[in-house]
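Order as written gives the chain letters A, B, C and D; numbering starts at 1 within each chain.
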């Protein structure tokens, strides 16, 4: 289980290969990569603020919960903070399991909790505005699935 | 949409990076990688037979179905055939969407159909035996989810 | 018409592909003709619930028509992924 | 006790962190003390349903006890991922 919180960019493919190579006899690897998307049409920059200390703690708790709930060999969570630009990766999770169902469900679970329970806040700078991204009711509702 | 059927090994990380780089304004990328697992404890080799022509046709149909059912920017399917060894990647799928729910569900769907509707057959060579892998009822049942 | 066999069906029959002259109108009629040929065919086709069939590379049922088909393939349930 | 503010809560109050001397027994009592200080605090804490709170880096509720806590943080709902 590995949780990384960093400002620097990361190489998703290299991370996936390293994660996969570290497994033993796991038949299923699922990864999710989140990319900065220009929802507003005109996004210059996305700033991600976080709560150092609590962030690592929250991500480790979410990853540990996933390891308990599903039959997993390993979990990886990487999340960036600071200034990001459209089409840059924000974060990724990866799960390894003997079975595809566990790998898929655990990755889906990690994303739902990471979205609404890890202390990150996004601010979108467009040419016209500079606003904090509002949380979505559908993201809160998604937690009820688990 | 890209479907690749090949005997050669592939670099899952490089494929994921190329797939991600080719997208425009897709916030969510999901990948699944299937790895040869030594279920029998003593697996020497896994041979994958396929039906050239029908394989490409079936995978393209499954990928096209996913593109129709979910809001996807792109789909990638890679599947190998021929002799493989424990811990080698067998196949991967990747999906790109604006939303994580679509990317996750479509990848899950692709795997279920690829498992039971694309013409591949696995044979496991152990030190004691050389047997075709039996299909599982749970894999057939999984199709009913969609 | 080309008839193709995969996986253990290929192994039991002993060849991957053959050209068959047939007047069979459906897959099941073709199966009956093949079964009547030799023991190895009868054995390979003894339990149709363990077999799948594709006509011109599309999965179909055993009662599907095969008039004008270029190839019919028999194989066990798929195990890809 | 350290009190931390993030995102628009930090912007409205105008600072990321301050040390507060308080006898408040719960988060909500601390909020009442802060609200009474200045307009910018009253504004930041005007709608508690738009706020989340963590005590010693664990998410909790506004009626949670804060006796002995080292840090209390206020912020909007998270938007990571």
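By our rule, contacts are C-beta pairs under 8 Å (C-beta built on N, C-alpha and C of every residue); 3 or more make two chains touch, one makes a residue touch a chain.
By chain, with names taken from UniProt: A, B = Molybdopterin synthase catalytic subunit; C, D = Molybdopterin synthase sulfur carrier subunit.
Bear in mind the structure is a predicted one, so any value in this text is a computation, not a measurement.
**Q** Which chains are in contact with both chain B and chain D?
**A** Looking at chain D and chain B together, the chains touching each of them are A.
**Q** What whole-Å value do you get for the distance between chain B and chain C if each is reduced to the mean of its CA atoms?
**A** Chain centres of chain B and chain C, defined by C-alpha means, are spaced 26 Å apart.
**Q** With chain centres defined as C-alpha means, what is the inter-centre distance between chain A and chain C in Å?
**A** 48
**Q** Quick one: report the Å distance separating chain C from chain D, using the average Cα coordinate of each chain.
**A** Measuring from centre to centre gives 72 Å for this pair.
**Q** Spell out, as numbers or ranges, the residues of chain C touching 2 or more other chains.
**A** Touching at least two other chains: 81.
**Q** What positions in chain B touch 2 or more of the other chains?
**A** Those would be 34, 100, 111.
**Q** Return all touching chain pairs.
**A** Going through each pair of chains, those in contact are A-B, A-D, B-C.
**Q** Along chain C, where are the residues that touch chain B in the complex?
**A** Listed in rising order, the residues are 4, 6-8, 10, 54, 57-59, 73, 75-81.
**Q** What part of chain A is in contact with chain B in the complex they form?
**A** 11-17, 20, 23-38, 86-87, 89, 98, 100, 103-104, 107-108, 111, 142
**Q** For the complex, which residues does chain A have touching chain D?
**A** Spelled out, the residues of chain A in touch with chain D are 34, 48-51, 53-54, 57-58, 79, 90-91, 111, 114-123, 132-135, 140.
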